[in-house]
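Chains here go by letter, A, B and C, matching the order in which they are written, and residues are numbered from 1 within each.
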Amino acid sequence: MIKNKHVAIIGGGIAGMEAAAVLAKQGLKVTLIEKEAITGGKLNDWHHLFPDFFSPKTVIDNLIAKTNHSGVNVVYNTEISKIEKLNGRFELSDERDTKFYSDAVIIASGFRLFDATLKEEYGYGIFDNVITSVDFEKLMKTEGKLLTAQKTEPKRIAIIHCVGSRDAKTGNTYCSKVCCITGIKQAIEINKILPDSEIYCFYMDLRLYGLNFDSLYLHAQKQHKIQFIRGRLSEIAERFDKSLQLKTEDTLQGRPLRINVDTVILLIGMEPGASNNLFTKNNKVTIDENGFMKPINMHENRNSSTHDGIFLAGTVICPMAVNESIENARAAAFEVISYLEKNKL
Amino acid sequence: MEIKSKIKWSEYNKEIAEDHFFFLRSCIRQNFNPGAEKAFISILKNNLKKDIFDDARHTTCTGIGYHTDIVPFETMQTMIARQFSLMTEKGYKNCAVSCITSFGSYNEILSTWKEFPEELAKTRDYLKKATGREFEIPENLSHGCDIIYKFRKEIAAQSNYKLINIETGEPLKIVDHIGCHYSKIFPEKGVGGFEYSKVLTEMIQAWGGQPVDYPERRHCCGFGFRQYLVKSNRSYSISNSRKKFESMEPFKPDAIITNCPGCNMFLDRWQYTLAQIEGKTYGGGTNGIPVFSYEELAGLILGYDPWKLGLQMHQVDVEPFLKKIGVRYDPELKFVGINGKYINEPLFTGCLK
Amino acid sequence: MYSEIIKNLKTDVRLTEALQACMNCGICTAVCPAAEFYEYDPRSIAVSVQSENREKIIDLLESDTIWYCGQCMSCKTRCPRNNCSGLIISVLRKLSQETGAFTKSRMGRQQYLILKTIGNNILSRGYCIHPTTVVPETHPEQGPVWKWIYENMHDVYAVVGANLDCDGPGTMRKINSIDLNELNNIFIVSGGMKFFDTINHFSKLKAIEMGMVDEYGEADMEKYTQYLLQE
C-alpha cells in the first residue's frame, strides 16, 4: 500500500503546494516544508498575472484551501539544506538539524530573482528612479500608483527587457522566458493609471510563446500606444534633475538612440535557487550548466532528478509561468505515485 | 560543475603590488604633463618610501601606433616583451605603467599570451632574434593610479591641504574621467571594475573631496587615436569632449580628475577650443574647469609647488582651484624659465580672453 | 589582391577573441562614440564579418567605414556575448592595409599621414609623440599655453624637472642609439618594418594612379601628402 508512504516536499510555493495537495488527496502522507512563515512563495508579492490580469491571490487562496482540505502537514520557517538517502529512506535536515524522513522527495524550492544591482550600468540601487519588475508589482499591490522618487507622475517610462538574462556578463546566458510578456502586461497597467505617459519597451527579441501573448502585444500597441524599440539597453545615467538618460540603438533604424525618461522598470530574470547547489551534496542530484536542477530527460521525464526517488517540480527546473509551474507540479505528483507503486515492496 | 561567479564590480579589488616597481613612462604624459611623471616618482620615493626604478633604456610601447593600425600586433608584443626584458634584467617583478593606452596594451598582450601560448613563444623568438634578449612575465602590472589609490590614505596622512574649500568648509565637487583602456577591455584589471571604478573617486574621498557622478562619465574623451592625430578628423575628438562638458556642466564641478595622460591633456585643451568656437565655457566665467591627473592632485595636496608639478602647462588656469584649497604659491613664478629668468608669457590663459 | 581574404581574416588570433557570435542587439552601437558622430554602426560590422560574405568584407576593406572607429573599446564592456567590435575593426584595418584596399577610401588613405608622423617618431625617437612634432600652426586647438611651451621648450621642460632630449633617465629623455637599434631590429624581425613598407608601397601606387609623379615618373609623395592633408 503506497498510502502509508511518506513524501516530503521542499518549498511551499505554488508548485510545492499543488504537488502536496494532489499527493495528499491520493491518501499519501505529505509534509510540505516552507522556509518562510507563509506559503505561496514569490507569488505573494505579485499584483496581476499575464496575460489576462488574473489575481495571484485567488491562485494562492485556492492552493491553501486545497492543501488544508487534503490534509497536508505544512511546516513553516524551515529551510532544508541537506538530503541524504539512509537505509532506503530519505533524511532531510535543516541548519538547526531538524530532521524529516520520507520515501520520496520533491524539490520545489523555486527560483531566485536576478540581483539587479549586479548590472551596475543600469543603476539599480544607485538611482532612485530605477526599479525592477518585482518592485513594480509590489508597488501596484500596496499603493496602486507609480510615482517618481520626487513624488511626481512619470511622463516617460522605459521598460527594459533581458535584465540578467541572455547576458554572459551576468553569467546568465539563458532566456527567462516570462519577462517579455510581463513587460507588456506592466506597460498596459501603467498606461491604464497614467494614460498621458509615454511608455517604451526596449527589447532584443520579443519572445511571446504563449497563446494570447501576441494578441496582448497587439493590444498594447493599438489600445495603449506602447512603443517597442528593438535595441538592447547599454546604460542608464542620472541627470541633474534626477531624470534618467538611456543609451541604446534603434537597431531597426540602425542608429544609436539617447533618450531621457523619468522612471525605468527592469525586467529581471529568474535564476537558479540558492539551495540548488546544496542539494547536489550527499546524493546524485545534479544541476545543469545554468545551475537549474537537471531532470533525467527533458522531453519525457522532466520531473525526475538524476537521483532515484528525488523529484523536481516547478521553477527549480527552469523558468516557468504560474500555470506551467502548477501543471508541472501535478505531473511530478504523478511521477512520485508511479515510483512508490513500483517500489512498494 | 562551475557556476559562473556573480561579481559586484564596484566592490571588486584587484591586486596592486606593495613595493619595488619598474616604471614605464607614457609618450603623451611626458610630452604634455612632464611634471606629473616626475611627481609620481617623487611621491613614491620620498613620500611613500617605495622603490621605483626609472630605466633610461625603455621606449614607447608603440600603443598609439598599434591603435592607429600602423604597428602590427606582433611588433607591439615584441616591443612590450623588450620592456619586460629590461625589468627582468634589473631584477624587478612589478610594473608601474604611466599610460592608460599602454596599460590596456600590456593587459591585452598578457591575456593573449595566456590564451594563445604560441603567441608568447613567437614573441620570445622575435625578441631573441632582434635583440638577443629574454624576459619574464611580470608578477604584477599596475597603473600609476592603482598605486596612488592603494596608498591614498598614507598620502592623506601626509597632506598639507585637503580637497575642501577653505572659505566654506565644503568638500570640493570633483568629477572623474577614467581612460577607456583602464578597464573597458578588462574590467578585472581596474579597481572596482569599469562601470563604477573607484580608483579615482576613493582618492577624492580620502583627500576630503566629494566625487560627483554625471551622465556622460563613461564616455570617451574623443581622442580616438587617428581621429585626433589626423587634423581633418579632429571634429570627432572635440565633439566627444563637448558631450562630456555639457553633461557635467549642471553639476558645477570644481575640477576634473583623470588617470589617462591623453584625456588629461584633451579635456584641458578642448575646453579652450570649444570656448573659442562657442564663446562660452562649461565652468562659468572665462576660465573653464581645471583638469588634474591623479599625480598632479596628489602632488598638490602633499604641498608640491604647482609650477614644479607643471600646472602652468595647462591651458585652463589652476589658480582658482589652488585658492579654494588654500595652496600657497607665487603667481610671479608661473611662467619663468630656468633659474627664474623671464621667458615671455602665453598670449593668454584660460578659455576666453 | 583579395585571394584567401576570408582565410586571412580568420587566422588573426584577435578575431577569435573579438567575435564569438553576434546577437545583433545593438548594445555596442548604443555607446559607440563613432556611431554618434559618423554614419557608423559597429553592430553591423560584427554581423558582416560573422556572415563571412566575401563581397561585404571587401566592401568594408575599401570603405571609409572601418576607419571611423576611435578604438575606445566601449563596445567590449557591454557586449552580452563578450564580443569586441573595436577589435574586429583592428583586424579589418590590418587586412585593408595588407591588401592595399585602404587606398580606395579617403579615410583609409590617411594611414600614410599617420605613418609619416607616428611611424617616423617611433623609429627615429623611440616615442610615438615628441614636443617638436606638435607644431602650433597645425595644432591650433592646443592653444596659447602650448604655443608658449613650444617656443620656450628648453626652459619649460627643464623647470618642471624633465630631461628633454638629454642622456640618462627622466621625462622626455633622449632614447640612445643602442636602444633605438633594438627597437628597429624588433620592427624588422616582427614584421613592423614590412608593414610600414606595405603602407608606403600602396600609397605610392595610389599617388601614381592619381597622376602625382615627378619628372622621372616616380610617385611624388610630397604632393600626395599635401593632397591627403587637403582631402
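Convention: a residue touches a chain if its C-beta (ideal position, glycine included) is under 8 Å from a C-beta of that chain, and two chains touch if they have at least 3 such contacts.
For clarity, every value in this text was computed on a predicted model and none was experimentally measured.
Student: Any idea whether A-B or B-C has more C-beta pairs in contact?
Tutor: B-C
Student: So which chain is farthest from subunit C, going by the mean of the CA atoms in each chain?
Tutor: A
Student: Find the geometric centre of each of subunit A and subunit C from their Cα atoms only, then give the gap between the two centres in Å, rounded to an integer.
Tutor: Centres of subunit A and subunit C (C-alpha means) sit 50 Å apart.
Student: Measuring from the mean C-alpha position of subunit A to the mean C-alpha position of subunit B, what distance in angstrom results?
Tutor: Going by mean C-alpha positions, subunit A sits 45 Å from subunit B.
Student: Where the centres are mean C-alpha positions, what is the separation of subunit B from subunit C, in Å?
Tutor: Here subunit B and subunit C have centroids separated by 22 Å.
Student: Would you pick out the residues of subunit C that each touch at least 2 other chains?
Tutor: 31, 36
Student: Using the touch definition from the top, which residues of subunit A touch two or more other chains?
Tutor: In subunit A, 121, 235 touch at least two other chains.
Student: Touching two or more other chains, which residues of subunit B qualify?
Tutor: Correct list: 195, 218.
Student: Can you name the residues of subunit A that touch subunit C in the complex?
Tutor: 121, 162, 166-169, 204, 230-235, 247-251, 254-258
Student: In the complex formed with subunit A, which residues of subunit C make contact?
Tutor: 23-32, 35-36, 41, 43-44, 78-82
Student: Would you mind writing out the residues of subunit B in touch with subunit A in their complex?
Tutor: Where subunit B meets subunit A, its residues are 1, 3-10, 193, 195-196, 213-218, 250-251.
Student: Touching residues of subunit B toward subunit C in the complex: what are they?
Tutor: Within the complex, subunit B touches subunit C at residues 25, 27-28, 30-31, 34-35, 37-38, 54-60, 62-65, 67-75, 77-79, 82, 104, 112, 115-116, 119, 126-127, 129-131, 133, 180-181, 184-185, 187, 194-195, 218-220, 222-227, 229-236, 238-240, 243, 269-270, 272-273, 307-310, 312-315, 335-338, 341, 343-349.
Student: Touching subunit B in the complex: which residues of subunit C?
Tutor: 12-14, 17, 31, 33-34, 36-38, 67, 69-74, 76-77, 84, 90, 93-94, 97, 107, 110-111, 113-115, 117-119, 122, 126-131, 134, 138, 140-149, 151-152, 154-162, 164, 167-173, 175-176, 178-180, 182-183, 185-192, 195-196, 199, 229, 231
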